[in-house]
């Protein structure tokens, strides 16, 4: 499988950079050379890539929250509070910034200042600008990552990387399909090539910035083969542009055999495709997201979900785990609730991190199925792209070869229908045009038939809806009433 | 292995009953025939044995709290509140009653009435008497068990079984060695034969009462072979006296491979020894206790410990799990905290109970080791008893063939020294006189040597102390500072 | 009686699609004619669709926390655009963070929403309210 | 200076042995002469042992929640038995349930305990207090 997508040329990049940096006043603050200098002078303990690689070598599982508020001082206060309870810090960006609606973000900042509490669901980094963002990085003693959901994150990347953040989440698929309604995939992929190319420039200048495709996608009954295919593609696209530290992600599906298998498969598939594509000098780590679907409202139950996610992260030896909070079902957590999620997670991770990762025959069998599905998808992507991974990806989505359940985007087919089996694993009931190998599809169908029989109802959309509600109602499989 | 301990004769029992029932005024309330009638009229949904057997057949994991307060009305209020959040109810007895200090319990009741809050750490069932206890059973819609820690529980059993409770925890070893300082084992075993014989009388009258040896013992670094040997012995002693519903227990040690292996081994060993002894018509179920050692003070961390215990209970397919609360490190929980522990547990159990129990090669290997240890111990017990299990047990404790770490009793040798290995499993560093088979002992030693090397210190008592504190400080293995 | 037409959508820059897809399935199943605008819908897009389809009600979702900003002035805008009497519901995670339901209700009532629901909304009773509210408004309004 | 003799034990019907074994190991290691009575020790057993061994201090543990009842009148009993000036410490889970540390301190101070510790007691600082308190009492008392 040979892809020959080229790095964006220096000329084209420079041209785009001019445009991007002038799209909002704070863009003018960006100075690449000075930023490289700033990064070089940062203490190495603040570098995300280094922290991840070191943890991975030790088999440690690092813990990271999500957090971001509208105002600078409040944001610093929040992260300063959280850093004692985690290994890696986030800066979660608000949803206006994610849509490049900086005017609205500005309004959100103003109204937050007036009302005394954050009215934004994240930190509007672009509006705050480079200097302010640097004051965040400088106030902290742990590596900080930008976490968002932005189809066009070029300006956000320019500003935050210049400010000293050492990791940047997202990708042209994973921050488009689950996060937008009508952004063409071609466009978001190109914009993310820019981001990766920019990271590549830092890399070339000796500053390693970590990149993390967003694994969970819609967070809702996503079969591992779908999110893994996306992860592999975004990893490859990043490597092509010069990125060298990549963290592939996966969102807990709920079955521990499937989840641990998925974590094994993810790492193996990453190495398989990255080395096949000729890359050798990269660092690959993994991230496991605690349950990304609807949470139970009861905080005690939420703690159960959180701790179980922590356990699976450790059993699957993720390099890091992204932590939920007991407020998840209700709203953006208070900093205390955020800390509680971290503490519960840490306790379980610590109790498990000395223990060997789970390895059982069924885990291996499930991992093999996932790998064969992903290989089938990747083969189609390569065929469709005739040499271009980017084109192949665009066509794969058009054709429904990759199909993300419950995604809001028009550019996603939405024909694949997932449903849980009797054991709680996410299975594919209707593959749409996803080229699931026949013997694996037979397995999915058999598993689902078993459940249907057990529940005495045919597989149907109500079954899927029941599955969607199940965890928030205190179960995994959505049984009929 | 043939034991021929006989059931207590009807004559001897009657004589003892007279004495026991007159040792405190409420004993006079007991009327066996009328109580059998009362049980027969109880709704079958209130029978613990039936609930356990049904759950076991379905592979369900039932959830049970601990709870008990001094005053009757408060106790009913407490259990009524909890019953919506659990499957099985407890009535935890206070520590004066456990030592037959009914005078002091009386004082505790009086002072609790005065002060408006419970000054006792449980429900003083003997002082309250049969009629009051019946009002507890009658107020509730779930089966209720008596949970305590009483070396001489004869009067407690007379009163509570007469009152309609359908399960009774404890045994002559497990409610002596960890719970007392100087009660001869011979005496407690005989007193528990009385209890079992009484349960046998109910059984013979068609009323099935469940009996549950207390698995966790001191709750502190107990190697599974020790608690399993005790469980098997107490199970056999109960069967000998006519008990037919037995729930064998085990307290989470912290390593999931070891814990799941222990749960598998426990069930297998139970059936092995029970059938070998010629019993066929019994019901065997299991109970897993969430972490019984020192808890972290942080409630969020405690939730982590609780949820992880729930997960292992499900992965090991216990018939029921005994639940801790986020207040564990601090004191008797409020009813809200108790509910929170139940909710977190339930969430995890539900999310896992559809999933297959854990089965992996290492689990099997560990289970095999546990079984060979228990068999070695049981062989010695049989030799020492020359036909009497009771005598064999007494002599085994005298000789240190069974040796419970950190037990307060003078009748326990206290020479066995456990310590965790690198993976967190509880290993035996110094077996004392426990006849651990040489090849297994070699395995224990090798595991411990590996840890010692890793920590660059010899195995020592400080290592054990570090292990004791570890979970409460947020780890599993107690690493040097 | 002809089925009641309702407009569904998720307001603002909000991408949460799952609840929206379920609401569509649910209300269609209950006999409503559902016009689903999906995610990321502006106030004017809601109003355009309501006018075009002669809808009796608009059901606005907001999950992501910016509801307080995105929904401000919704009723006023309806009045401006000539459908001031339309039934307006809003539901989801309507503010940033965990706040008292009563407080949230009041906030959105003051923006002119007829009914305000949390993420735990019982859809069966929502359907009943909706049928009643649509019927009530239908008579005097058109 | 001859090592300070201390009496250890767990009061009442309390069987919690683990902390007691650790306290014994810890204080021995710190050079105290430890007389450990183990679990289930009555007030009079503590006092007997203190008199017999000429101990400077008695360290009472209570974990199981009945401390409030078991420890009542401990200092008075010491006075009655002629060792009214002995150093008295108490520690563990001293009441039923989760209560304010300050409240618990006061409760036990009022029973005549010199120092009161929770389950989170830092043993290093306990050892320092103990050395100081024993030294202080040693001079005037004997």
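All chains are identified by letter, namely A, B, C and D, in their written order; residue positions are counted from 1 within each chain.
Just so it is clear, a contact is a pair of C-beta atoms (placed from the backbone, for glycine too) under 8 Å apart; a residue touches a chain by one contact, two chains touch by 3 or more.
If you're wondering where the values come from, they're calculated on a predicted model, not measured in any experiment.
Graph distance from chain B to chain C, where chains that touch are one step apart, equals 2.
Inter-chain centre distance (chain B to chain D, centres taken as mean C-alpha positions): 31 Å.
Mean C-alpha position of chain A lies 45 Å from that of chain B.
One inter-chain figure worth recording: chain C and chain D are separated by 66 Å, centre to centre, where each centre is the mean of the chain's CA atoms. Chain A has no residue in contact with two or more other chains. Under the contact definition stated at the top, not a single residue of chain C touches 2 or more other chains. Arrangement of the chains shown, judged by which pairs touch: a linear chain-to-chain path with two open ends.
Chain pairs that touch one another, listed by label: A-B, A-C, B-D. Across the complex, chain C is touched by residues 94-96, 98-99, 101, 104, 107-108, 111, 117-121, 149, 178-181, 218, 220, 293-294, 297, 327, 329-334, 337, 406-408, 461, 465, 468 of chain A. The touching residues of chain D, when paired with chain B in their complex, are 12-18, 20-22, 25, 38-40, 64-66, 68-69, 93, 95-99, 119-120.
Chain B makes touch with chain A in their complex at residues 254-257, 296, 298-301, 303-308, 310-311, 315, 339-348, 350-352, 354-356, 358-362, 422-424, 471, 474-477.
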